[in-house]
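Order of writing sets the labels: A, B, C and D. Residues in every chain begin at 1.
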Amino acid sequence: MIELGANRYGKAAIRLVKVTRDPDRHHVRDLTVAVALEGDFRAAHTEGDNANVIATDTMKNTVYAFAADHLDGPAETFGAIVAGHFLEMPQVERATVSLREHRWTPIPTDGGPSRDAFLRSGDFTRTASATAVRAGPTVVEAGIEDLTVMKTARSGFAGFPRDRYTTLPEVDDRIMASRVSATWRYGSADLDWDALFDGVRGTLLDVLADHVSPSVQSSIWIMGRAILERHAAVEEVRMALPNLHHWAVDLTPFGLDNRGEIFVATTEPHGLIEATVRRSAG
Amino acid sequence: MIELGANRYGKAAIRLVKVTRDPDRHHVRDLTVAVALEGDFRAAHTEGDNANVIATDTMKNTVYAFAADHLDGPAETFGAIVAGHFLEMPQVERATVSLREHRWTPIPTDGGPSRDAFLRSGDFTRTASATAVRAGPTVVEAGIEDLTVMKTARSGFAGFPRDRYTTLPEVDDRIMASRVSATWRYGSADLDWDALFDGVRGTLLDVLADHVSPSVQSSIWIMGRAILERHAAVEEVRMALPNLHHWAVDLTPFGLDNRGEIFVATTEPHGLIEATVRRSAG
Amino acid sequence: MIELGANRYGKAAIRLVKVTRDPDRHHVRDLTVAVALEGDFRAAHTEGDNANVIATDTMKNTVYAFAADHLDGPAETFGAIVAGHFLEMPQVERATVSLREHRWTPIPTDGGPSRDAFLRSGDFTRTASATAVRAGPTVVEAGIEDLTVMKTARSGFAGFPRDRYTTLPEVDDRIMASRVSATWRYGSADLDWDALFDGVRGTLLDVLADHVSPSVQSSIWIMGRAILERHAAVEEVRMALPNLHHWAVDLTPFGLDNRGEIFVATTEPHGLIEATVRRSAG
Amino acid sequence: MIELGANRYGKAAIRLVKVTRDPDRHHVRDLTVAVALEGDFRAAHTEGDNANVIATDTMKNTVYAFAADHLDGPAETFGAIVAGHFLEMPQVERATVSLREHRWTPIPTDGGPSRDAFLRSGDFTRTASATAVRAGPTVVEAGIEDLTVMKTARSGFAGFPRDRYTTLPEVDDRIMASRVSATWRYGSADLDWDALFDGVRGTLLDVLADHVSPSVQSSIWIMGRAILERHAAVEEVRMALPNLHHWAVDLTPFGLDNRGEIFVATTEPHGLIEATVRRSAG
């Protein structure tokens, strides 16, 4: 017998810009939105019956229409409203709205911050998601992506096992560079999302800068634990850190010493360390 | 209390090319390999103790060294051997080796296929993975990515519910285009991987071309079911199909009819339909 | 004094798909089109006067409208017709239409090639451009991009000068890999473009496979010269070949020899060799 | 007769990171460098004679070795030194070193800016190039890339000609968004590059924010002219501005008005406006 297993569908890469035109200055919101639904969609697959299939084009329209009335606060709130809307349809059992927010800041001019001209900031992307389910509150997560960081001191890697394939020397001082992705789950669906995001991001960067790293694994634990310790609203943090190796260039053929100064930055291959840090039941 | 949850680590984007120099012709294997390990790595996180941490650099070395002796057959076999090697280390509970194979074909020349010059084929990427675990046989999966397809007939989308946000007209004839990703799990760890891959790919393309599609959901089911029906070695197929919309251009302002001829190809936004088709226990 | 220098403008990334529905089989044309105009656009810049500025939106509409009636042959012909249209406007002195053609082939099925289902081929992208000017015939160019090739024999690099910064050993046998870009200019605006493209591509691949390469520079010359020798319609060939280095992996730490078998494929850094080969006036 | 035309070669994508470890804080320089040479390289092409061919691997080594001693100031200065080195070789007639600088800023922590942890800033990429030639001074250019900007007011597009393919309405208020690329040439090879870069960038942003734009063409002129007026060291500015269209979403089917609030951001197709603004000989 052949059966349908897990399935979901939706619309991805919905590019939404909202401009709010206050008298003294404009505000720009720029989001890439994805909607994904799970529920009673078996007949669409196995019978070719679309009676339950909310068109993904309708999802896109819904996002734009809801943005007009409901996108005046954090992405988390907007996501929860849109997810809640789709859950009103009886065939939907789980609705997830994922948002990536691209940040624009007023252009600095000789006369102060511009009121209607903006610069897109590339330091990081803020992410959020809201998952509405039949039983229980909406699950809200937030995160950060595209946060590229480097520690030029207080990072080493030693004490690891050696076998016949091991050539890496032990070092007590190396460059650690990564493009951090972090996602954290909140324990409630009604919080001050902007303040929490700023707080968690601040903690992450503060600890990243300050800690001594014996490995990327340890760094994830130290940062994740600090986030949970300092932010009671956060239940769990998931992090994925590529280890973007910077190799010291051998300058001896050129009659030069390389005292930890000259490196070649690489992306292939890279280490990839992933871990979850969470509150335990105990 | 704060605790470590799920975690894994490894090396990604290991770029490996192997050239075999037979007297009458060369052969090129070109793989992007990733290794990921799970196991007893708690102390690395929480204690900064690297005694159990196989360096990801060692993983890279291992892949290259094993390629010399063991990469003479399908990627699945090579992956299983490398995964098995890492499982020999007592701290490892699960070792996954993922491979993406980039295909090179001899350049056609006036004198026949070249013996030592190759053209990289971009029609699709073959994928494979082998997961070795403490209990039970190695799990082998295969797949296909970057397979971009289009149906110019026998695809429609109608009968879907309409609400106040629905503007999409029902159509019995549309263009369906997608960049197919499919992964299938085999029921055994010792099979004729190349023949199976060719067979499953053939079934996928054959059914894709021949079936009448009332929705992408239905297409996934029809293709997945056919793969399971025709290939007893396959236990489960997971597919993800973006719906790359092609919108008919309104030519009436220019005094022209568009009889299903002129389309604008788009990638943003896109539908995204994901489903698993599997053998049921019953 | 401050003045306007060289300037041009247009529409880029116009994504056009045309489906022709013959009774026995469909045909798909898939083009990315760019239009660029030069001419009397000074007032638009310096006076803010748009009276001469054909909107880039109009260019896009024109491409779609012309595709309905005029895209039934090679991209070169379509490009020349569209370029000629824009040159009819008195303010335009030069109109360039550039086209990248994405190739779709019928899906092979158990019953033969499909009549209405297609697979996008990624082996290379065919390019074309037509530049219409006030005086003289339209200049037509064609080209090939994304053609990734590898020679596993008959490629070396030796005899180069050595200075204090030179560490590269001389080799008489190396892997040469590249992602070839070639553009060639035709001597007439009315030729059998499809046959010529196939011919030039065939020559390029044939010579690439067959020649002995002492350097990428030499390879470009040998391929370019052959194209000009074998195809009288071609006046000039411009080629750009990145040298995608494949470095032999040192396996001696693992007790293994690497007899030209195991390589790491790299993209950063890469050599980049560019040259023009042309018919001389003499 | 067939002859060699224009040709050049070099090394691209050299990834260089330099860490300077001052007692009170570290500094990170992160550059992607390309070297390109022109000169007497005919024999390499036509004779397969590499006697004049400085290996691109040697170029890479040279960049790293020179970085140790000479990368302690602006990228322009480093580029000029490296370009000058290659011009010392008699076969080289023109040496161009191009640099893209990726900016890192100290991570803000609770205790102030970190001394050894950095965040990569993505707001823009600073570029520079130095071209050393046999006769005359080295030509230095600087530029900015990846600068993504948006004007939500004071931008319109009207007064353009209408033909049968024109459907775009005239608007006196639209969103103008672009990913600005600008390159400017200096009149001297010995200037305060960092101050000049900051100054030109400041002017570009200031004018971008403040001016009223009747077209992208006009915006380029206004910004370019201001750069030349305010910065006597700059001889010429070349700019390329894609017009990243933001289309107002029609919300009327949903019973809503869209008063310039809700937009769909697009990248395909896009306008592309390029122009040079320069000092005239007169």
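In this section, a contact is a pair of C-beta atoms (placed from the backbone, for glycine too) under 8 Å apart; a residue touches a chain by one contact, two chains touch by 3 or more.
Predicted model only: the values in this text are computed from it and were never measured.
> Shared touching chains for chain C and chain D?
Both chain C and chain D are touched by A, B, going by the contact rule given at the top.
> What chain is the most remote from chain B, judged by the mean position of CA atoms in each chain?
Between chain B and the rest, the longest centre separation is with D.
> Please report how many Å separate the Cα centroid of chain B from that of chain D, as a whole number.
Going by mean C-alpha positions, chain B sits 38 Å from chain D.
> Between chain A and chain D, tell me the centre distance in angstrom, where each centre is the average of that chain's C-alpha atoms.
29
> Could you list the positions in chain B whose residues touch two or more of the other chains?
Residue numbers touching two or more other chains: 15, 61, 65, 165, 167, 253-254, 266-268.
> If you look only at chain A, which of its residues touch chain D in the complex?
15-21, 26, 28, 30, 61, 64-65, 67-69, 104, 107-111, 114-123, 146-154, 175, 205-206, 208-210, 246, 249, 251, 253-254, 256, 258, 260-266
> Along chain B, where are the residues that touch chain D in the complex?
164-165, 167, 253-255, 266-268
> Using the touch rule from the top, collect the residues of chain D that touch chain C in their complex.
Residues 1-15, 34, 36, 41, 44-46, 48-58, 60-62, 65, 89, 157-161, 163, 165-168, 214-218, 220-221, 224-225, 228-229, 236, 238, 242-243, 267-280, 282.
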